[in-house]
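One structure is given below, encoded as structure tokens.
As written, the chain order gives the labels A, B and C, with residue 1 at the start of each chain.
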Amino acid sequence: MNLSDSINSVSSINSIDLNTVGREMYKLISELYPICRSITGDGLRETLRHIQTYIPLSIHEIPTGTEVFDWTVPKEWNIRDAYIKNSKGEKIVDYKKSNLHLVNYSIPFHQKVSLNELKEHLFSLPEHPDWIPYRTSYYRENWGFCLTHHQWLELKDEEYEVCIDSSLEKGHLSYGEYYHQGRGLDEVLISSHACHPSLCNDNLSGVALTTFLAKHLTPLSLRYSYRFLFIPGTIGSIAWLCLNESKVPRIKHGLVVACVGDPSRLTYKRSRRGDAEIDKAVTHVLKHSDQDCEIMDFAPYGYDERQFCSPAFNLPVGSLTRTPHGRFPQYHTSADNLDLVHPEYLADSFATYLSVLDVLENNRKYLNQNPKCEPQLGKRGLYRAVGGSADDGTDELAMLWVLNLSDGKHTLLDISERSGLPFDLIRDGAKALFEHKLLKEC
Amino acid sequence: MNLSDSINSVSSINSIDLNTVGREMYKLISELYPICRSITGDGLRETLRHIQTYIPLSIHEIPTGTEVFDWTVPKEWNIRDAYIKNSKGEKIVDYKKSNLHLVNYSIPFHQKVSLNELKEHLFSLPEHPDWIPYRTSYYRENWGFCLTHHQWLELKDEEYEVCIDSSLEKGHLSYGEYYHQGRGLDEVLISSHACHPSLCNDNLSGVALTTFLAKHLTPLSLRYSYRFLFIPGTIGSIAWLCLNESKVPRIKHGLVVACVGDPSRLTYKRSRRGDAEIDKAVTHVLKHSDQDCEIMDFAPYGYDERQFCSPAFNLPVGSLTRTPHGRFPQYHTSADNLDLVHPEYLADSFATYLSVLDVLENNRKYLNQNPKCEPQLGKRGLYRAVGGSADDGTDELAMLWVLNLSDGKHTLLDISERSGLPFDLIRDGAKALFEHKLLKEC
Amino acid sequence: MNLSDSINSVSSINSIDLNTVGREMYKLISELYPICRSITGDGLRETLRHIQTYIPLSIHEIPTGTEVFDWTVPKEWNIRDAYIKNSKGEKIVDYKKSNLHLVNYSIPFHQKVSLNELKEHLFSLPEHPDWIPYRTSYYRENWGFCLTHHQWLELKDEEYEVCIDSSLEKGHLSYGEYYHQGRGLDEVLISSHACHPSLCNDNLSGVALTTFLAKHLTPLSLRYSYRFLFIPGTIGSIAWLCLNESKVPRIKHGLVVACVGDPSRLTYKRSRRGDAEIDKAVTHVLKHSDQDCEIMDFAPYGYDERQFCSPAFNLPVGSLTRTPHGRFPQYHTSADNLDLVHPEYLADSFATYLSVLDVLENNRKYLNQNPKCEPQLGKRGLYRAVGGSADDGTDELAMLWVLNLSDGKHTLLDISERSGLPFDLIRDGAKALFEHKLLKEC
């Protein structure tokens, strides 16, 4: 294995045109936006097939009734149409205008109901009267509609015709998986939930970023193998973990990708372990960016890190988002639309993910081959010829740090952290020293 | 053993009427206030007998001369009267007006003395000219009087008659002990010094709180056994530790109770260990109260924690006070009287002690019985039926935290601390999960 | 061995007259200032011989060509004269006016050169146009001159005569070493670089302080042996470590002495270990001085701590300076002259070094011989006779802390740190307890 190959492989991606990638991700989001996804059904399947036009994704189907740990794969849900008509026969709420209007997983229903009965099945947001909320009822058979609060206020005391042309029957739960083989079997897991209907930041942005990460890593020879999952939230990760339990120990690092297109600062939620290498890598990259960022502790709430970090797995999986789960006002409403996400923020998130992967790919331990005193860098052309000036070149300083701490106990990331120097500089210093045989890999 | 019994037992006390308890504690203080206590003698004995009217206290008597580690139980001191008369025969300092006027443990003395000689035996507080200081001379035979600085300034150059009608003879050192047997032999030690004469906050407040804690725990079946000590300061704890050394290893947690009636914020002084369970429990309770509080590190100065935390014992004993030892201006003066302590602050201190005991009683480790991914709480009625809203119920969150961290390494208190949720909520979450067989005790 | 001897030995130095020592150090600096030192040669040799008039220094000579780890001892450099003459034959740059004018280690050279050619060999400081920079070319054969920027600006386009009457030939590298035998073989290393020409703070100040430390410790019987090194920077410490490798394990603590005469606050740069006893000792002394100070983490840049802290040695060697390496504007310029250093700051640095050595000499572990409860200090005359006042004497408190923490796990310095009390007080408390047989050495 050639160190410099390894050192360059991911960071070479940084030469890609981020503006273009940002626009391509936005385009993919736009293509997927109209589809009504759920945790099962044809909308999810159609989404995965569309992703196959970008990357060679495998689509897996798990039959209804399959027991996965404490859970059971539910019946498959499909929806054709749904509406509420008033007494004049006018459609006052229409699924065809927005798939958020229907409570996701609503059972088939066609009946006349009074206003009072109807209201028990309606959801609106008085604090945002123009927005339609997004609600689900996956595990309890029920039906309901979501509407703007303006619509809700206009409801009169009359009889309504409720029609939900859905099916809830034995079928399958679908998910997509793409595995990129690296030089070793140790894996990096990149997971995004793909079960939300017309909602952009949560989580078509995550789906798009995962797709483009996979696309860009595909041509590269990498240290790690990469596993990309496009799964329905909760039940998808539970099913994957249950059916792939033997592969779980290979996962050495992981990130749950969600909400990566909005204009806010980047936020990293640590893994349950809190000090895993992925935690240190993301923290390092964020702190050395010139942007504001937030680092949060793990909590057993949010996205699929809940399952990856359950106590028996306790995987080193964190979540790198922009505004996190539940913290933006448009979250789980019709306002999480194509206006909320922007190519430039998608591109910034993408670049940050790449920087993190670059750290993981290059974060090794080396052994200083001249550990007694400094080696004479000058005779190797690695040190300034004229001495005496007060300024220390950061390149020289990076090499001195690498030499000083390459005692078999410190990774390059540890050295970056202790020195306060960015990983790139430490990595390049290590590369120069390695090429002069002053370092050996540990 | 039934978990829910255990979980409810102490917290059920929280339904008691704190106002009433505050008034009852204040009444006990008022009853004990006039008595002239010391580290031995009838005043201490009378105090312990009075406490027996509240709880079934055992009174122990240790003979003078008993060697207790490096110390010897001193002669017993009793006092009948003491005064200073001027040349006209007027009593200008009179023990009967305040027992603080006499230096505690003054030897018998009756003699005429000049002003100069007298002044060598007088103590006053120029900075608080209306207050009488409290001084002692337990271990060096001496005599003296304490007076207000106004009194001191009025002394004329004449001859004075000094009379101290005390006795210092072979006798006993008395202390009170009450042991409440729990379900196990592990003990919680609650200790208060009962040797101060007419001083309210230091420490009739501690005596009263200890008495009422004992009274309220008595009817309960508890996890721990509870040992309540009413002892003379320093020599009392040394004697108890020496004569009960075989019981010491049973003490798993302890608190020294003092200065719990003044209006200031609560202060906790950590045990010598600094991170014992009692330290974590008190800190948690104080931080989750909505009041200001102070957490101090251990120092080998203060009350009987000095002895309990001596290096060979190093017991997990902290001290929970309001204003601590020596830090209020009225400390060890006649101004530490019935005006300094208040029923409402006594009650607040009492409630805080109960909350701490509730943590100790319920702080166990559990094992998640479904450690691979989350169990499906919804099918057990423990999770909301409609999904999608941004808010997470704190009850659900508490259960998710308990499940996530119940891996055999975290107590419920650890889980409270990591989650930032109050112990009550975590305890109740654990109870619900336990009842659904999702947890087992570790 | 007698504890009180040990406890007093270094601190007794504090009775010396610091003003006098400050003036004596300044005088030594003045004597050494005119000499043109380098990493080899007669200037360095003359400097070491002059130090021999103060302390019985051994001068060691290592032949050119000796291999020391990755380095080779260079040829010996000597300089007689150097100048630049303009076309009128006027000396416009003259080594005899300041030895900084010549780039240190310039090869012999005598030739006429054009302005353009000359400029490639000139160094000036546009931001400080009156100052001459200090530059070196030890390991690459070259020549050059340093001049003020005013001089540089006046250069005309004419032909110049450059004359460097130097020699660069087989010879020796010289260094000075003084070993003061203590009661044990464990060593404290005090090292200063002595290779700079006419520069005062960096590092004649360090040379002077090292000399006077050695002089003052010489009459004392000490716990540790002390090794004082006066070495050329980098190559000197590398050579010493290589040729004395068997002695290296004896070094238990060390300090690199540099820049100790300027008016700024004291700065301590930690050893690579970061938490070595020397790090704790210096930090304690600085924090308990009433002066501002700075504590910096280790970095593999600066002075000879780079070599002492290389990974295979990883010695507990820090560096105690005033303004550190490279951080004062006069650093490595002609402005680092006799005006920059002051007797009073030299004396303050000297006193701080002594306080640090006092901590090292007296920092032991003791065992409380009465670990169950407090011993009765009063009966030994170590505790106040009258009880009750709020104030605790700090002497009593120091003894209580020593008793409480002398459990075989805490040194006196640990006890100082945990108690917040200055080391002196803790040391004196330990001494009193030891004399009363309440402590034994561990």
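Following the convention adopted for this analysis, a residue touches a chain if its C-beta (ideal position, glycine included) is under 8 Å from a C-beta of that chain, and two chains touch if they have at least 3 such contacts.
The structure displayed is predicted, hence computed values, not measured ones.
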Note the rotational component of the Cα superposition from chain A to chain C, reported as an angle of 0 to 180 degrees in steps of 5. 120
Call it same or different for chain A and chain B: same when shared residue numbers make up over half of all numbers used at their interface. different
Determine the centre-to-centre distance between chain A and chain B, using the mean Cα coordinates as centres, and give it in whole Å. 54
Of all residues in chain C, which are in touch with two or more distinct other chains? none
Within the complex, chain A is touched by chain C residues 68-71, 103-104, 123, 133-140, 142, 144, 234, 237-238, 241-242, 245, 272, 297, 299-301, 306-307, 309-314, 326-327, 331-332
Parts of chain C lying in touch with chain B, wherever the complex brings them together: 368, 370-376, 378-379, 385-392, 397, 400-401, 403-407, 418-419
